[in-house]
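Per-chain residue numbering starts at 1, and chain names A, B, C and D are given in the order in which the chains are listed.
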Amino acid sequence: MASQKAWAVVAGVGPGTGACVARRFAKTYAVALLARKPANFEPIVEEINAAGGKAIGISTDCSEGKSVKNAFEQLKKEMGGASLAAAIYNVGGRFVRKPFLELTEEEFESGWETNGRGAFHFSQAVLPLLLDKLNADPEYPPTLIFTSATAAMKGSALCASFAAGKFAMRAVAQSLAREFGPKGIHVTHAIIDGVIDIERTKDWKFDHPDAKIKPEAIADSYWYLHTQPRTCFTNEIDIRPYIEKW
Amino acid sequence: MASQKAWAVVAGVGPGTGACVARRFAKTYAVALLARKPANFEPIVEEINAAGGKAIGISTDCSEGKSVKNAFEQLKKEMGGASLAAAIYNVGGRFVRKPFLELTEEEFESGWETNGRGAFHFSQAVLPLLLDKLNADPEYPPTLIFTSATAAMKGSALCASFAAGKFAMRAVAQSLAREFGPKGIHVTHAIIDGVIDIERTKDWKFDHPDAKIKPEAIADSYWYLHTQPRTCFTNEIDIRPYIEKW
Amino acid sequence: MASQKAWAVVAGVGPGTGACVARRFAKTYAVALLARKPANFEPIVEEINAAGGKAIGISTDCSEGKSVKNAFEQLKKEMGGASLAAAIYNVGGRFVRKPFLELTEEEFESGWETNGRGAFHFSQAVLPLLLDKLNADPEYPPTLIFTSATAAMKGSALCASFAAGKFAMRAVAQSLAREFGPKGIHVTHAIIDGVIDIERTKDWKFDHPDAKIKPEAIADSYWYLHTQPRTCFTNEIDIRPYIEKW
Amino acid sequence: MASQKAWAVVAGVGPGTGACVARRFAKTYAVALLARKPANFEPIVEEINAAGGKAIGISTDCSEGKSVKNAFEQLKKEMGGASLAAAIYNVGGRFVRKPFLELTEEEFESGWETNGRGAFHFSQAVLPLLLDKLNADPEYPPTLIFTSATAAMKGSALCASFAAGKFAMRAVAQSLAREFGPKGIHVTHAIIDGVIDIERTKDWKFDHPDAKIKPEAIADSYWYLHTQPRTCFTNEIDIRPYIEKW
């Protein structure tokens, strides 16, 4: 029905990129925000609804298949017959930085749980909905974006866990782009290379102004990617502040 | 003066990407179009001026320093005191595909002339103007974009000349991004991976619709890159049709 | 004691690369062969011992920390006071190729279990021994080699599980090379790109002779890597038959 | 004739890598050393001949087609009916490091002249001889190795000229590997990442011993590459001291 908004789903919503992406996509779509802790999505859900948009939050642990399944059952009820236009996987997870020989198995696995297994469960849940969307003559190609990092390109010392996870995420994103791109789904691996400008990093000082990435600018980039027509897909993008060394 | 439009310059203007980029940037800026043959820029210059925009064409061979120097002397006169907001290097050059042992030196060098030497002369001409632009409190970061190709990432058999040129172009783009990015200039290497949908390729048939890249969509991507704030620069982007193998 | 041979350990020993690597390193070292099924290492253990070398086999599941721990306790007893000169992680694991939406969690995880978690446990077990080796004034730098694949570089359609695992393995190898290289340990990620010439592939026909990789040649390459002095470490190597497309 | 030695040719012979490669290959082959200045090859030619090997030097500027043509006419006379087993392109050329806007065209072009044009002329001269070698049932696959650098992988600030040249060299090496590999020629791009330990660098101090690459070790690696059978070609190799950051 024309009166029903399509939806976007954002997994991993805290005070930074996730919230800004939710706000940006909420200008056009109803948005579902997934995070483990309701405290992470509640303020932004309220803000969007208060501003006349439509948002819901669902407590979800993407690294657990059952939790993701439950979340999408709930989401589908909320959606009614509406379609899913975009899905952003932005779950941050732990960042463990320590000497390799001091890593516990649990610490090492944490990079995979978020960036590998979590990306798997989320992708398996959203791709059937994005494929359905193709039948609805969408304005923009259904879109799946993964928030990644420089660690997807380079395995630095002391970062084996995080790098293994982000490398794996890039592999999954490439594999999905090659399988689902020809069907019309736009899959992008977004390499965010720099410090995000949020409350937690406000005391991190740099010699230059604008040294941190504004999450609003990331959200704009994600929206732009979503609007690219299928004759012109970008499957990998890097985003960094002008002063970042790379 | 506020009443004076800033300029964009596009080198390499034929019926495809260059013309669309010129049209897109002409919505905001006066545009200067460089090509060796006036026949290549005249129709689009007329079209833009007829539509109420401002465009000029200058016959230029970017692989020759003297020709580039003359072109920019002429351009600066046209610009008066106005500033340069964006520069796009889109010169296509020859594409030589033949067994390596049959290549003449001239054929082998052709990839370099366009993608290496030409990129050098163009960059040396525009970067001082883009740096000046920083003093004018620009709405968007001054931008330099290089149109590249998959051949910048992979040296295929029979393509040594073109690949050598595009690899070199990528090196130049990276080096400039790292030198001029911290000053506030946005430099991007754009990997165009697919057949462009233009008159010359209209009989190239594919099994799927939308199998060729719409040059308008490339132009939109270039414009989007130009609008990214300096907290969020993209230094490399790939653009391909959804059905492209990669 | 000079009379005691140093050891090499090879995890993942079947009829192909693992067996050949074991034979090659057994020319200089005592070798410990790890595989889940004793049937996989028994023939080569017997062969090496019969030929005057020294080999033992230990049933090990590298994806389980406890199994690896038990294996290395047993190995250290066998080694007595001898040192570990080289460690090769060659565990193949499952190769799942199917549409992404048909993958079970277990199937998706299988790539990680072998190439991520298994590489982690093996590395944590061997690195302390390789570091000890540095005190023994070794003839060659202590060496850790990971057998990887083209899937570490490119995530192909239908191969999300395997690619995620191999990308992760590359991340781990890079991170270890950057942490332990400066201490004197030689870590290499070896990209094996082609079909291995073993019993299982003998009916795979190609238009050219020598179209499959001889595992003996891989073993020679690994031995060569081991002999590189610390002024000249190779941290990534690709190995493919001359006719392989890449 | 069995009594006639096969040849190897090394372009770019100074006191470092080139001399060591010449010495190493002279253990098996007669060697021809190319350099612009005879003073660069004379000592090593004398040394090899005095030690019972066979060496000649030919003054050659590889960036000029005519010079390369003359050199190989002379070389073929010297070779008589003997064959060419290996060719190493090791020409260093200038390394210009300066702000991009201060580069002259001549300075910018210097990276290309050595690494692009020079590699082209050398390759066109040696490949027909290496193809001939295939008919002589060679012990090792005929081999063409390019000495490259980290600048082939990353365009650093202030290094546009050198990076453009080395990127182009990598493109040429890949293109040749893909065209001539399937014919049986082994082509390798060797990324030398670090300071070479020669007279000129003897006062460059590092905190660690063995911080510079021993050129003898590079030569050993090149020899190893030459001995790889065609079932097991390495087309790209990185070589760096254990303490190098990468």
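Definition applied: a contact is a pair of C-beta atoms (placed from the backbone, for glycine too) under 8 Å apart; a residue touches a chain by one contact, two chains touch by 3 or more.
Please read all numbers here as calculations on a predicted model, not as lab measurements.
Steps from chain A to chain D, taking the shortest chain of touch contacts, total 2.
Taking shared numbers over all numbers used, the chain A to chain B interface scores over half, which places it in the same class. Computed from the mean C-alpha positions, the centre of chain B lies at a distance of 35 Å from the centre of chain D.
Inter-chain centre distance (chain A to chain B, centres taken as mean C-alpha positions): 32 Å. In whole angstrom, the spacing between the mean C-alpha positions of chain B and chain C is 47. Touching two or more other chains at once are residues 178 of chain D.
Chain contact topology: the protein chains form a single closed ring, every chain touching exactly two others. Pairwise, the chains that make contact are A-B, A-C, B-D, C-D.
Within the complex formed with chain A, the chain B residues making contact are 141, 178, 181-182, 184, 186, 197, 208, 210-214, 217-218, 220-221, 224, 228-243, 246. Residues of chain A that touch chain C in their complex: 65, 99-101, 103, 105, 108-109, 112, 116-117, 120-121, 123-124, 127-128, 151, 154-160, 163-176, 178-180.
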